[in-house]
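Below are structures written as structure tokens.
Paired with chain B in one complex and with chain C in the other, chain A is shared by the two complexes that follow.
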Partner chain A sequence: MNLSFFDQFASPSLLGIPLILISTLFPPLLLPSLNNRWITNRLSTLQSWFIYLITKQLMMPLNKKGHKWALILTSLTILLLTINLLGLLPYTFTPTTQLSMNMALAFPLWLATLLTGLRNQPSTSIGHLLPEGTPTPLIPALVMIETTSLLIRPLALGVRLTANLTAGHLLIQLISTATIVLLPILPTMSILTMMTLLLLTMLEIAVAMIQAYVFVLLLTLYLQENI
Partner chain B sequence: VLHSRPLHTTQQCLAPLPPLPEKGGQVRHGLIPEEFFQFLYPKTGVTGPYMLGTGLLLYLLSKEIYVVNHETVAAVCILSVIIYGIKKYGADVAAFADRLNEEKIAKVSTVKNEAIKDLETAIEQEKKEQWRVEGRSYLFDAKRNNIAMLLEANYRERLLMVYNEVKKRLDYQVAMQNLKRQKEQDHMIQWVEKNVVQSITPQQQKESIAKCILDLKALSKSAQAAV
Partner chain C sequence: GPLSERRLMDVRLGELPAWLATRDISLQGLLEGVQKAWSSYHDKYINVRRGGPAGISMLLAGYCLLSYGWNYQHISKISFLLSL
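Up next is the complex of A and B:
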């Protein structure tokens, strides 16, 4: 089938039935499920070790009340990681390239941190709007700036993830098109382009993992301020 | 086996769990299970599955059921990166997982082994105590002999003391008697001498002297003759 560059970002549907739900929930299902055993097989052991590592890293800076967020943040990390990494395979659809999905993840979680802070410790929460040690004449301007930065956080979270992944996928598409087109014309250039593509693929794998981690990390940062 | 097992006829029996198989299912080229090759072996021999794969691939390509487009190049890149990663780090990751499991088992085994060791030392000490109890009678005999000897020595000491005291008293009496006799003797001698001296009259004195001179002369004569 002849693909345009944007077919990979189209929300998948089969005979008019939207498949977006399955495609979002499917990647984490590939991971091994909980086992009754104490000593499991290699895959389950590695998964437990990895989840333990992530949870420890995320929960270390938080106080005891923040540990209530452990489950949702760890599951979010695993979801984003699997979705991003599986999206690098050919002919796959990556749900996190859709702005709607990322905003749906970022906005409620950010709002939850904000409301927790405003409810439990309102003065500290609002006090974060002014950094320490600012000279007095600058205070009004700085409060405005900090408020803007606060309100733009969900937008930044969602758009960061979307933009990184979409850009990466698009670049892969473009460079592979260049490789294919150059193959009969200038094979040497084609080979060089292929090398670029290899490096880009490795970059994309790194970006996939990093973006997932950064998303959740920023959420924990927002949580630290507010809980 | 899966189809013949009746479903949910009794309560779930959670322990003991059946042991995990030693190795996972055998796969050829990392993807295709060995059972597939065994399935085709009787009819098509060793090259059967490979012919099937090649034929299928060529059919898909030539009939343009699978179109070579830019995704193909991207697929080649990502697959080569994945295969390289697995080949290079696969064994290490497996060893790491095995090590995690072994550490888990080792931690618990050390507790068990130390408990066993402590109990064994306790058993040995108990046996030693029992052996000591057997020797108790010898201990008591020795102590009894010791005390008997002490008593005997004490008795003899007192006996000696008594003997010495009695001897001292008797010696005193003997010495007294001797002294008395000595004194009597001396007194008598003195008395006798005194009386004798008193009884010597002057006449007797002269007579004795003349006799002595005569004796001497006689002696001198005999003496001269001897010379």
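Up next is the complex of A and C:
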């Protein structure tokens, strides 16, 4: 069997025109824009409530200076959420399966938290490299370990999102192929596989939402240490 | 009324080329047309006081169809069909 399962992740293009820009910009268009009314329609009310919930949840552990990040973090959450959820529809393209896009999101934001910390409170930021209460002989090793863990953060952020979504989409495609192929041969097995597919789809919806949340949550954690 | 002032839905099929000739085909005109189409769809189906899932579902179904169209060239290739 050819390895065409990975073709779904190819960057879409129509007659040589890359469509990735449209696929990335389309999800935010689905969200209703600000209405200058006191009582808006159902959709806008739901959206306002949801955004309030996200912002409150993200900003609670941060101090006053961290609240400057509220806009970018909330809009990042909404973007990732809509992109991930829209990717579960048939034939759609998920931009977050591209490592390039996730690294482009993760690296600058992580670097911004690091530089904020180094600029405003350099000794505290460097002090995070050594946890309290370490025995003295272990200090050099631990500093190196903490530095490595610090430097690997943007890579981990980007790859986590990419790997989770790519693996999910791939699993869905594999199991649905199995279901279709088994249908004429062993109908019972085919029905069992379809049950697995249903459960997997529900898992994927959950994963789509969780991964978006985790991405931004980790960024707030890095911010907490540094701001 | 005269052809240039009618909306797309009121133009008969035979008059379509003539109607297209009267439209403003500059970039700004196209963008204004897209904006107008989106806001009329949005106000009619989504921006209602007690809306339900129907407005957005139609939009998402249209997006699925569009994505199918974008992918058609790839999924209709025989190498793809044989590998399934």
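We adopt the following convention: the second predicted complex is superposed on the first by the 224 of 227 C-alpha atoms of A that agree within 3 Å, B and C clash if a C-alpha of one lies under 4 Å from a C-alpha of the other, contacts with A are read in each partner's own complex, and residues count from 1 in each chain.
Convention: a contact is a pair of C-beta atoms (placed from the backbone, for glycine too) under 8 Å apart; a residue touches a chain by one contact, two chains touch by 3 or more.
Since the model is a prediction, treat every value here as computed from it, not as a measurement.
J.: After the superposition on A, what does A:L111 contact: first (chain B), second (chain C), both or neither?
T.: Neither: A:L111 stays clear of chain B and chain C.
J.: For A:P12, using the defined touch cut-off, is the partner it touches chain B, chain C, both, or neither? Pick first, second, both or neither.
T.: After superposing on A, A:P12 lies in contact with chain C but is clear of chain B.
J.: Between chain B (first) and chain C (second), which, if any, makes contact with A:M144: first, second, both or neither?
T.: In the superposed model, A:M144 contacts neither chain B nor chain C.
J.: Tell me which partner A:T179 touches in the superposition: chain B (first), chain C (second), both or neither.
T.: So A:T179 only meets chain B here.
J.: Once the shared chain is lined up, is A:M189 touching chain B (first), chain C (second), both, or neither of them?
T.: neither
J.: Answer with first, second, both or neither: which of chain B and chain C does A:P90 touch in the superposed model?
T.: both
J.: After superposition on the shared chain, which partner residues are touched by A:L53: those of chain B (first), chain C (second), both, or neither?
T.: neither
J.: Tell me the contact category for A:R42 with respect to chain B and chain C: first, second, both or neither.
T.: So A:R42 meets both chain B and chain C here.
J.: Determine where on chain A the residues touched by chain B overlap those touched by chain C, and list them.
T.: Comparing the two interfaces on chain A, one with chain B and one with chain C, the shared residues are 1-2, 41-43, 89-91, 177, 180.
J.: Within the complex, which stretch of chain A touches chain C?
T.: Going through chain A, the ones touching chain C are 1-2, 4, 7, 10, 12, 14, 19, 26, 29-30, 32, 35, 41-43, 86, 89-93, 177, 180-181.
J.: Using the touch definition from the top, list the residues of chain A that touch chain B in their complex.
T.: Going by the criterion above, the answer is residues 1-3, 36-43, 45-46, 49, 88-91, 172-173, 176-177, 179-180, 194, 197-198, 201-202, 205.
J.: Going by the contact rule set out above, which residues of chain B touch chain A in the complex?
T.: Within the complex, chain B contacts chain A at residues 14, 17, 20, 24, 67-75, 77-78, 80-81, 93-94, 96-98, 100-101, 104-105.
J.: Can you list the residues on chain C that touch chain A in the complex?
T.: Residues in contact with chain A: 38, 42, 46-52, 55-56, 59-60, 63-64, 67-68, 70-71, 74, 79-80, 82-84.
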